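Right, one structure below, let's go through it.
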Amino acid sequence: MPVRCAIVGASGYTGVELVRLLDAHPAATLTHVSAESAAGKPLSASWSGLLGVDDRLVEPFDVGAIRAAADVVFLGLPHTVSARYAPALLDAGLTVIDLGADFRFRDAATYERAYGIVHPAPELCAEAVYGLVEKNRALLPGARLIAAPGCYPTATALAALPLVEAGLVDWLIADCVSGVSGAGRKPGPRNLYCEVQESVSAYSIAGAHRHRPEIEATLGVPVTFTPHLVPMVRGMVATVHVRPTRPVSLAELRAAYRERYAPHPLITVRDDAPPATADVRGTARAVVHVALDEALGVITAVCVIDNLGKGASGQAVQAMNVALGLPETAGLPRIPLLP
Amino acid sequence: MPVRCAIVGASGYTGVELVRLLDAHPAATLTHVSAESAAGKPLSASWSGLLGVDDRLVEPFDVGAIRAAADVVFLGLPHTVSARYAPALLDAGLTVIDLGADFRFRDAATYERAYGIVHPAPELCAEAVYGLVEKNRALLPGARLIAAPGCYPTATALAALPLVEAGLVDWLIADCVSGVSGAGRKPGPRNLYCEVQESVSAYSIAGAHRHRPEIEATLGVPVTFTPHLVPMVRGMVATVHVRPTRPVSLAELRAAYRERYAPHPLITVRDDAPPATADVRGTARAVVHVALDEALGVITAVCVIDNLGKGASGQAVQAMNVALGLPETAGLPRIPLLP
Amino acid sequence: MPVRCAIVGASGYTGVELVRLLDAHPAATLTHVSAESAAGKPLSASWSGLLGVDDRLVEPFDVGAIRAAADVVFLGLPHTVSARYAPALLDAGLTVIDLGADFRFRDAATYERAYGIVHPAPELCAEAVYGLVEKNRALLPGARLIAAPGCYPTATALAALPLVEAGLVDWLIADCVSGVSGAGRKPGPRNLYCEVQESVSAYSIAGAHRHRPEIEATLGVPVTFTPHLVPMVRGMVATVHVRPTRPVSLAELRAAYRERYAPHPLITVRDDAPPATADVRGTARAVVHVALDEALGVITAVCVIDNLGKGASGQAVQAMNVALGLPETAGLPRIPLLP
Amino acid sequence: MPVRCAIVGASGYTGVELVRLLDAHPAATLTHVSAESAAGKPLSASWSGLLGVDDRLVEPFDVGAIRAAADVVFLGLPHTVSARYAPALLDAGLTVIDLGADFRFRDAATYERAYGIVHPAPELCAEAVYGLVEKNRALLPGARLIAAPGCYPTATALAALPLVEAGLVDWLIADCVSGVSGAGRKPGPRNLYCEVQESVSAYSIAGAHRHRPEIEATLGVPVTFTPHLVPMVRGMVATVHVRPTRPVSLAELRAAYRERYAPHPLITVRDDAPPATADVRGTARAVVHVALDEALGVITAVCVIDNLGKGASGQAVQAMNVALGLPETAGLPRIPLLP
C-alpha cells in the first residue's frame, strides 16, 4: 500500500513541486492538500497547470483530517507557522517533513538569532533530523520530524563537504546564485518580472543572510556567504573557494569527491568542466566539480542544484524515502528538462 | 517485455526530449541511440544533463544494429534524410516514427512544393499515418510508418478542429507564437541568445511558412497562418479566428469542444480563461479554450502546447502508444514543471 | 529657454521612462516630479538606476507647486485620477499630457462603457487631442490637453492605417503581443517573474480588452483584437489581417505604406521582412511591414513598437514636441539598445 | 568641428554599441564603418535596428580610406587582428582605440602566455595606454594607442581598487557574473538561446580565464577569479572578497571608496545596499558598494557595470573623450533603460 502523503501549504512554489513529484511517485500517493488562502477552491485555481489533471479541493488546515488521510505530512509554510503546527501533527502520529527553517537548527537560540523571532516549539529542535541525506543518512530511518535543508545551505554543503571533512577548511568563501523562485510567490521587489529580468544583484551580503548560520552549522567552519539573484526561475550555483590548511593535489581532490559521493545516487561528480543549472532542472540531483588553481594553491568547487528540487521539495521527498525505507530515488525525475 | 526503442538523431532538441520521455516510460525502453555528428562519443557529451544518468555511447547509423536492438525507431533528422533512411528500416521490420516532415503529406507533390525538394521515397507517402492522435486515432493501431505532426499544425488543428468539423469554417486565421527550441539546435539568426532575448518578431508571413500547407491539408480549409518567435525555450500558442458560416452561441461552441475532446486524455478544454504555455510545459498535453465575440459574431479559439511535447516528441510517444496498443498516456508526464 | 516639464506619477514604468527621455531632451527640462506613494523620498528610492544621477526629492501633488515649476505636465496616473487632476492643472495654464485612458475618447460614454466607471471630467473629452501624431498631427499645435494613445491602439493603428484610409477594410483582425511592462508595476498574476517567464498566454480575448473600443474609435472599423503576454520587458507587435474589399497588389500596398508614412520621421517602412521588437527597443520609433498572400487574397501587416516608447512615454514626448513647435524627434533616441 | 571617428569591426556587439554611442555624441561623428564579413552591404543588414536610421554602406578595411575620413579609429576585432592592423593606422596619424586584448599588457610575453599566440606587434605594447580612466586618467591625454580594458577586469578593478591602493589586499577572490553578450556574436555553446536561457554556469575556473592575468596586472595582487554566465544580454557583477592585511572599520572603508571615486563622474558609490546590473544598463557607469562582515573580519565589495558599456564600448568612448580633451561623459547616456 502506498505511503499516504499530505501537503500543508500547497499554493506556493515548493508545495506545487511536491504535488508534481508525489503524483509520479510509485510508492506514495497524495491524499490531502491544505492551504490557508486557497481553502475551499480547487488546487487548480492556484495552479492552472493542474486543471484537468488534479482538480481536488484545497482543504482548510485540520489535524484530524490530515491524520485520517495521511501517514506523512509536508509543511510548506512561513517561518514559525510550521513550528506552531508541528506538535499536534506529531502527537497525531504523523511523520512531519518541514520545508521551512523552523527545525533546521539543533538549538532554538541560533534559529532565534538568525530569524529574529521566538521559536514556538523549541523543545522539538533537538529531535528534528536535518534532512541533508548525504550528511545525515544514518539518522533518517524512523525519524518523526525532518527539517528539509535550505537551498543555499544544500548547494554550499554539497560543494564543500569533502573539503571540510578532510580538514582542509578554516575559512570558506561561498558565492551563490539563485533563480527567482527562491524568493517565493509573495510579490515583492525580488520577484517582479520587469525588475528582475535582465538584471543580477548581490543581496544580504557580509553575513546578513539567514542561511549563513545554517551553512556554518552544517559545515562547522566560518563562511563568507554572498547570495545573488539572477533572471531565471529555477536553479542554483554554489561556487566555493578554500585556501587549504595543507597542500593538496588535484588528483587527491578528485578522488576525495568521488569517494565521498559514491554511495549517494543523486550526486554526480564531474571532472571535465563545471556543470550548469540546466543539467539538473526539475530533478533532485546535484552535480559537483572541484578544481585547483595550482599557481595560487586555491581550491574552487562548484555545485549546481534546482533550488526547488534538491534545494527544497525534491530533497524533502528523498528524505521521506530514506526515512521510510523506500528506494532513495523513488519518484524523483532522473533526467532534467532539456533544453 | 518492454517495447525496445531506438532514436536516430538524438543530439537535437526533439531527440533528447525523446530520451527523457522513454527513460520514464513504464512499457518501453531505449536500447539504441545514433546521431551522425556525435557518433562514438557518449550521449552526455551532447547533453551534459545526462552525465551520470545516461552515459551510453552514441552509435553510427546502421540498420542492422537498429534491427537487432529495437522494435520501434524514432527519426529526429533533417528533411529528406528521414525519407532516405525509412525504406531500409521498414524493410527490416521496424515500426518507424518520423518527427520530421517527410511523411506528413499523403502526396509527395505537396511536400515537394512546400519544401522545394525532391522526395526521396514518394511511394511511402500514401501509407504513412499522420500521427495526430485526436484526428487519426483509428488509423494508428498497427501502422508501420507514422509521421509525427509539426508543432504549428498540431496547435492550430487542436484549436480549430471542432469548428472545422462542424462546418463553420471557410477561412481560418491562425496567429501562432513559438518558443525558440522550435528553431532547432543549429546556430542561426533565430536562436542566438542576444538577438532573440527581449525580442518578438513575426516571420514567414503571408503564406510563406512550410507548415501552412500541412495545416491546410489537416483541416481542409484555407488558412492565413502567421508564426511569431518569442523569447522562451518551450511553448506554443495557436490563436485562431473564424467568422462562422452560420450563427452559433457560446454554449454550443463550448459543448462542441467538450464533446470533441472528451475521448482524448491529453486534451483539456478550459472555459473560464485562455490557458498559458506554462500550463503544459514538459508535458504532451494541450489546453484549449473557445470564446465568442457576440458583437462581431467572431469565434476565437486558443490552444497551448509544449512545442517539444505535444508538438513533437511527446506526440510521437503518444502515437507509438496508440499504434502498439499501450495505454495512450504511458510515459507522458501529467503535470507540468511549475513554476 | 527650455520647456519646463513636470511629471505626476513618476514611480511607475511610464513615469521613469519620461524621466529618462526628458533628461536627454535638448529643449526641455524636468523641473518637478511628484508621486503619491513616493512623496518625500528621493526619486532614486523608487528607481535605483537614478541613484547618483537624479536624486531629487519626489514631491506631493500640488497644483500651485507644479504651476510655479512647469509649463507642461505629464500624468502617469491610474484611470480616473488623471481626470480628477486635469481641470485644475488646465485652469492653472499648464499644458496637460495624460498617459492614461481618461481623455482618449471624444465622448465620455464610450470611455465609461469600456472602463466601467464614471468619468470625473466628461466636459474635457471633446477638447482633448488624441496624441497619435501620425493621425492627428494638425490638431496638436497649441493643444492644451493631449491624451497619449494606448500601446495596443498605437501599434494596431500604425499597422492598419494605410489600409483603412484606402477603404480596404471592413473587418480587421489584430493579434498583438506585449512585453510585461505593459501590465504595470503593481504586483499581480501578470507580472510575477516565475509565472510569466517561459510562458505566453492570450488574455481578455473576444472583445474583452479595454483597448478594443479605443482601436475601433481610432480606425473606424470593427476589430477582432486579441492581446498576448510574452516573457520580455519591453516590446509590442501588432499583426493585422484584412481580406480587402477590393483586389490589391503587393506593389500598391507597399506604395501606399511608403507614401502614408513618408512625412513621419518616427515610422520606418520595411519591405524585405517583418521587423522585430528589438529593432525599436528604447526608442519612440515604429517599424511597419506589409505583405500579401496572393493565394488567399489576404493582407497581413506588422508593426513593432516599444510599448513604453512609441506606445507610451516616447509618444507623449513626441506629441509635446509637435504641440509646442519643437523638432518632432527632439529628445527621442534614434538607435535602439542593440543587442 | 566634431571629432571624426571610424569603426573597424562594426558587425559585432561592441561595434554596434559604438555606433549607438557615437550617433548621440555631441562632439564626435561617425564617418567610416568597416567590417570584413559585412563589407559592401548596408550596416543595417547586420543590425536591423539601424534600418531607416543609419543605412550607410559597410566598407572593406582600407587604411587610406580611414585616414581620409577619420581622426580616431575604434577596433572591434578578434585577437591578433587588431595588432596586425594597428601599426599602419598609427603610422597614418590616427588615434587608435582597441577594444580587444592585444594592447592590454605592457609586455607582450604576458599576453602571449595568456592567449597562447604570438603577438604581431610587440613593440607597441609599452606605448599603449590601458584605458581604465579611473586608474590611468593622467596617461590618456594625447595617447596615440589606447587599449580598452576587458569587461571582467574593469568590474573587478573598480570593486577592489580602493582596497588594493590602501594596502589591504594580499589575496583577492573575485566571483563575477556576465550577460551573454560577453560571449560575442559568433555562434557557440555559450550563446545559443535554448542552452543559455534558464541556466547558469561557472566556466574557465581555477585561473583558466584569459582575463585573470589582466586583472592581476591591473591590481598587482594575486586573484582567484571565477566567471559565471547568466541568462541576460547585458550586465556584469564583480563580487570581491578580501581578508584585509590589517583591521578596518566599515566607516573607514566607506570613506575610502567615496574619496577614491569622488573625482570620477561615471562611478557611483552606494552605501545602503548592493546595486543591480539594471541600474547601469545601456550606460557607461559603474555602481560600487562595500561591506564588512565584522564577525569574520572580511570585506566584500560589489561593482556592477554593463559589459558592453563601461565594460567595452562606453569605456572606449570615455577614454577617447579624456584622450582628446573632450568632456569625460560626452555622448554617454546618464540614465539606464529602466525597467
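A, B, C and D are the chain letters, set down in written order, and residue numbers restart from 1 in every chain.
Methods note: contacts are C-beta pairs under 8 Å (C-beta built on N, C-alpha and C of every residue); 3 or more make two chains touch, one makes a residue touch a chain.
The model shown is predicted, which means the values in this text are computed figures rather than measured ones.
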item	value
Required steps from chain B to chain D (each step between touching chains, minimum)	1
Interface numbering overlap (same over half, different under half) for chain A and chain D	same
Inter-centroid spacing, chain B versus chain A (mean Cα positions, whole Å)	35
Distance between the centres, which are taken as Cα means, of chain C and chain B, whole angstrom	38
Distance between the centres, which are taken as Cα means, of chain C and chain A, whole angstrom	45
Chain B: positions in contact with at least two other chains	13, 181, 194, 197-198, 231-234, 275-276, 278, 281, 339
Residues of chain A that touch chain C when the two form their complex	13, 180-181, 185, 187-188, 191-194, 196-198, 231-233
Chain D to chain A touching residues, read off their complex	171, 173, 175, 177, 179, 194-195, 197-203, 205-207, 222, 224, 226, 228, 230-235, 237, 239, 241, 243, 273-278, 281, 291-296, 298, 300, 302, 304, 339
Chain C contact footprint on chain D (complex, rising order)	13, 16-17, 19-20, 23-24, 47-54, 181, 197-198, 233-234, 268-270, 275-276, 278-282, 285, 287, 333-339
